[in-house]
Each structure stands twice: as structure tokens, then as C-alpha cells.
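Going by the order they are written in, the chains are A, B, C and D; count residues from 1 in each one.
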Amino acid sequence: MNKSRIEAFSDGVLAIIITIMVLELKVPQSADGAALLALLPQLFSYMLSFVFLGIYWNNHHHLLQTLRGVNARVMWSNLNLLFWLSLVPFGTGWMGKNHTEPLPVVEYATILLICGYSYDLLRKSIITTYKNETNVKAALEKQRGKAVWSTILYALAIPAAFISTYISIALFVAVALLWITPDKEIEKVMSE
Amino acid sequence: MNKSRIEAFSDGVLAIIITIMVLELKVPQSADGAALLALLPQLFSYMLSFVFLGIYWNNHHHLLQTLRGVNARVMWSNLNLLFWLSLVPFGTGWMGKNHTEPLPVVEYATILLICGYSYDLLRKSIITTYKNETNVKAALEKQRGKAVWSTILYALAIPAAFISTYISIALFVAVALLWITPDKEIEKVMSE
Amino acid sequence: MNKSRIEAFSDGVLAIIITIMVLELKVPQSADGAALLALLPQLFSYMLSFVFLGIYWNNHHHLLQTLRGVNARVMWSNLNLLFWLSLVPFGTGWMGKNHTEPLPVVEYATILLICGYSYDLLRKSIITTYKNETNVKAALEKQRGKAVWSTILYALAIPAAFISTYISIALFVAVALLWITPDKEIEKVMSE
Amino acid sequence: MNKSRIEAFSDGVLAIIITIMVLELKVPQSADGAALLALLPQLFSYMLSFVFLGIYWNNHHHLLQTLRGVNARVMWSNLNLLFWLSLVPFGTGWMGKNHTEPLPVVEYATILLICGYSYDLLRKSIITTYKNETNVKAALEKQRGKAVWSTILYALAIPAAFISTYISIALFVAVALLWITPDKEIEKVMSE
């Protein structure tokens, strides 16, 4: 199993996930402004998930660049991450239609929480393929900080949804802002 | 982040956007000619968007060929463009079902206007990756002329929709014709 | 514009077209055998189109291998072919649901006829990129024989649908059998 | 026909099949927990098929790596496998909605049985492209053991569904566990 095929397959799946989300924006039958306004929360929800998946695509790419060999653990960690990411369109659609109801927002937070954890599992399984590249390992370890913060914010979004779902959504935006600037550490270490 | 992966991902997303539009052409239950005739405006609307996305795919390719290095700004400008292009199938479906109503036509014009603006943002972010390639920069600057004209025509299509949506649609066709011949300038400069 | 990107984009679009057809096979709500039997004509219709698109994918690949340079005419001929092929899932779904009604069968024949003609336009536009490769040109010219036969069979399928749609479907199967063995001529000439 | 394009096309189709399955998880209109609980069997059914398709993607990759030349038989064996795999989303959706009814479970078992058989046909057609690579051939022959076991378990799942569909589902999980560890034999032989 070579690295480039795992990259190509992941890219394909991510490109499809990010695009089929738009199918949840159902074309309204009527042509009035009310029909369009009713779609605004769904559009915002789509936009948020688009940013999250864009971040995953970017980080996933950096992570795979540091991969030294493909084994069963790496392959299944990667498929596990793709599986949970593939649930994002479902969560997005449900939250978009019911953004003031706690349950869909809790479910969205839960999916993102599991995605974050799955990413961490992949990161760990990739580290096991290294021999003595301690500097790459150290760069990857630094990502933990952001990961811990994301986990805390997602976890807070769950009880917050029962007070107001807008607090939860603000927490999602906060996580997105945390990750929007790509990590230059890995790129720097890799080019050395 | 290397250039070929941003190209492959963009190509994947564009291929999916251009293809899922056809899913809006719902298979009619009945087998009579009236059911097929009722789909004609939707088919025309799909055809128009197919041409627009074909033009974007082509120009996007030329633009990325001139890219010198991937940074966060380029990556997010590109994702921003893909996001707005991903709304084209929605706009196409809504206009196709209500082509004589002003609002769906205004919305279609607005999506294309934002796509055009996002393309311009990507163009500018790519120029910042150059050092002293003034001839490539000059070739890219020349694209501005067409971009300004497109913006004017899209902007005119918005008020025109309230008079007759057919004027707006004629303006969309005019923009498509403006871009249908690919720009040879960049290719010439790149091969030098 | 390089050749490999036009190949990759076409492959992406063809892979999506061939796969989204299965979305027309709607999951029945009930779990009885009647629901499954009712889907059989749709399954057969899907199978037929899968074979046609498989043939197109294969021939398209051979055709592009002989391409010497990408110009606006080649690019738009290719997009034109992809556009008509993208209507195959719609035609398949409509015929699958109404396989004894003439109109959907006529429409399916018409889509395939236009696809065949568009393929021929692409073939001609690719020939214009040659300088003095007369043997490749001769090999491509030989494909005309099959193309003419296909056109005749598709054209016959249109009036035949008004007698019995089963005659038309038999003609579609005949065209598929005609093309199912890939042309070795081009491969032989290219490897020389 | 070169090997890399058959790989790229297969990867594209597999990526789409594995992802569009999630579209069967329809976003519920209401935001209550009952709506989410009702989706759990569909989610489990999706998860199972995701694992099966992940296994196919992995094994398919190994199989194609051993390919020595593309001929019509290999191409059509591969398209035949992709066709049956493309029915997995349909089977998954139907079983997910009716997991206690025998018929959808029988149909799911039948699709997987045909997929397994189609994989075997592809394996055999690939062996015919070898000249004297007896060690690769031997490694491929060893896969037969697992294939026979899978066939037996799928075949048992069919009558079992009429006793309890949970027995059949347990048999599906057993097959998945059998294959989840990728075969190192081929990789070892190939690297020699």
C-alpha cells in the first residue's frame, strides 16, 4: 500500500463530503423571498461545516505528508476518520433545519467531537511509523494543544445547547477560528 | 502544502459540482410529453451553469499554473471560491423551476457575482506569491477587463429581472460568450 | 492546458455520472418482494447505461491518448460530450420507470444519439491537433464504421418504440455488444 | 490502456460509492430524540457497509498492483465488480430501514455474495496477465481460502434471515472481521 493512493482516496472522499452537503439545501418550490429566508440558517450551517471540512482537509494533508509507511492500523484509523467526517453532512442538515432545538446542536457537537478524537487516533497511529524523526514527532505533538482546546469547547457546547443553542454555535465558530490558520510548524520541520 | 494537491482537490470538487447539478432534473413519474416539456427551462438552466462551471474550471486551471507557493491566504481564497461555486447547483435548480420569477433570477445573478468576485480575490492572492515575474503578473492583470465587464453585466441582470427575467438571462448568456474563448495570454507567457 | 488535467477531470466526471445513476434506484419503504420486483426494469436500465458509460470511458481514454495539444475547440468538444453523457442518468431513470412507454425510450435513444455525435465531434477536433501522424489518423478514421452503425441503430430505435419498446431496447443491447470489445487498432498504432 | 488510469477510475468510483451511502440517512424534519433513535439501525447498516467497502478498496488496490497488462477481460471484470459494489448503497438503505424483515437482509447478503464472486473473477482475469511470476500467483491463490469462507457465511446468512435477521447480521460482521486485517502476503511477495 503506497502513500499516494491513501492520499488520493482520502482527497476524493473529502471532496465528495464537502460537496454533497449542498444537496441538503433543497430547492424551494415557490419563488418568494420567504422561501429563501427560511434557508438562511441552513446556509450558515453549511458554511460552518464547509470551513470545518476545509480545515480537516488541510491538516489531514499535512499529517499524511509525515507518514513513513502504511500499515493496517494507519489504514483503519484513516477510514475511521473518514467515516465520522462523512456524518458531518447529516449533522449539518439536521442542525440547519432545527438550529434553535438543543438535540440537533448536541448531535452536531458530538459528531465534531468524535471527528476530533478520530483525527487524534490517526495522528498517534502515524507517529508509530517513525523511527528516529524526533523533530517531526515533536511538531506533531504540538498540535495536541489545539486539539485539547477544541475538545473542551465542543464538550462545553453540549450542555450550553440546553441554555441557548446560539452559545453552542458561538463555540463552534470559536473552534473554527482556532484552526483557520494552518500550522506552519510541520511544514518547517518537513522542509529541513 | 504542494500545488498539485490543491489542484487535485479543486478538480474533484468542480467535477462533483458540475455533475450533481443534473440531480436537480428530477425524473418525472408520468411518461407523457408534457412532463418532458415542463423540464425544458430546467435543462436550459443546467446547460447555462454547465458552461459557466466549464469556464471556471478552465480559468482556474490557468490561474493555478501560475501559482508559486501555497500559503494560508491562497488556500482560503481557493476554498472561498469553491464554496460559492458549490451554490451554483442550488441557484440553477431554483431558477430552472421559476425562470419567469424575478427573485430566483436575482439570486442566480448574485451567486455568479460573488463567484466572480471570489475568483478575483484568488487571483490577487496568487499574485502575492510572485517575486519578480512581472510578465505573468501583467498577463493576469489583463483578465481584469473581462472581470469588470462580467461584474457590470451581472449587476445589470439584477434590476433587469424585475422588468423581464429574459433580459437577465440574455445578459448571463452574454457573459458566457465573453469567456468561452480561453485566454491565450497566460499560456503564452508561461511557455516563455 | 496540459493533457493530464483534461483526462483527470473527464475521469472524475465520468466516475460521478456512472455512480449517481444508482441514486435513481430509490430504496422502497416496504420490505416485500413486490417492491423489489417493481425495481427490476430500473435495475436493467441502470445495467445497460453502466455498460454504455463503461464503453465511453474506455474509448474516451484511447481517444485522449492520441491527443497532441489542447486548444479551445478540443476543450469545448470534450465538455460538450460530458454534458450529454451527464443526461444519461436522467434518461436511464425515466426509461427505467416507464419502459413500456414510447416517449421515455425515444428520449433515451435521442440522448445516446447525441452522445455518439458529440463523441464524433471530439474525435474530429482531436484529429486537427495532428501534424503528420497519418497512421494514428487512419486508426481513428476506422472507428467511424462502428459510429455509423450505432447511429443507424439508435435512429431505428426511435420509430421502433412506437411499435414496441422492447424492439428499441434490443437495438440498444445490439449497440452495446458492438462496442463491448475495445478497439485494439489505436493501441497497436500508438505503441509503434 | 495503462494501469494507473484503471486505478484512478476505480478509486473515484469507490470513493463515490462509499460516500453517497450517507445520503440514505435522510435528515429528519423533527428535532426530537425519537427521530434520531429511529435512524440507529440505518447508521449501523451504513457503518457495516463502510467497513466492507473499505476492505474492498484495500484489497482491490493490492490486486491491481499485481496487474501486468490491461486487456478487455480485465477491464470488464473490473467494471463488473464496480457495478455490483455500486448496488451496496441501495442494499444498505433497504436493510437499514427494514432490518427485522428477511427479504432486505437476503438481498443484502446476495449483493455481497455477487460482489465476492465478481472480485474472484477479477482476480482470475488478472492472473492470466502473468507470465512466469509463480510466487505472485501463489500469493493470490492463498486469498481463495478467505473467499471460500466468506461465500459460505454469506450463503448461510440467506436461510438464517428467515429464522432471525440478527443471525444474518452477525454472519456479516463475522465476514468483516475475517477481512479487516489486510493480507501481507502480496505486499511481501511484491517487494521481493
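Following the convention adopted for this analysis, a contact is a pair of C-beta atoms (placed from the backbone, for glycine too) under 8 Å apart; a residue touches a chain by one contact, two chains touch by 3 or more.
Please read these numbers as outputs of a predicted model, since none were measured by experiment.
S.K.: Given that chain C and chain D are copies and touch, would you call their interface same or different according to whether over half of its residue numbers are shared?
M.R.: different
S.K.: What rotation angle takes the CA atoms of chain A onto those of chain B? Round to the nearest 5 degrees.
M.R.: Best-fit rotation on C-alpha atoms: 90 degrees.
S.K.: Taking each chain's centre as the mean of its CA atoms, how far is chain B from chain C in angstrom?
M.R.: Each chain reduced to its C-alpha mean, chain B and chain C end up 27 Å apart.
S.K.: What is the distance, in whole Å, between the centres of chain A and chain C, each centre taken as the mean of its C-alpha atoms?
M.R.: From the centre of chain A to the centre of chain C is 38 Å.
S.K.: Could you say which residues in chain A touch two or more other chains, in rising order?
M.R.: As it turns out, chain A has residues touching two or more other chains at 8, 12, 16, 20, 23.
S.K.: Specify the contact topology among the chains shown, as one of line, ring, star, complete or other.
M.R.: Drawn as a graph, the chains make one closed cycle, so a ring.
S.K.: Residues of chain D touching chain A in their complex?
M.R.: 7-8, 11-12, 14-16, 18-20, 22-23, 25, 27-33, 36, 47, 50-51, 54, 57-58, 61-62, 180-182, 187
S.K.: Could you list, by residue number, the parts of chain C that touch chain B in their complex?
M.R.: Counting only chain C, the residues touching chain B are 1, 5, 8-9, 12-13, 16-17, 20, 23-24, 72, 75-76, 79, 82-83, 86-87, 89-90, 93-94, 97-98, 101, 103-104, 107.
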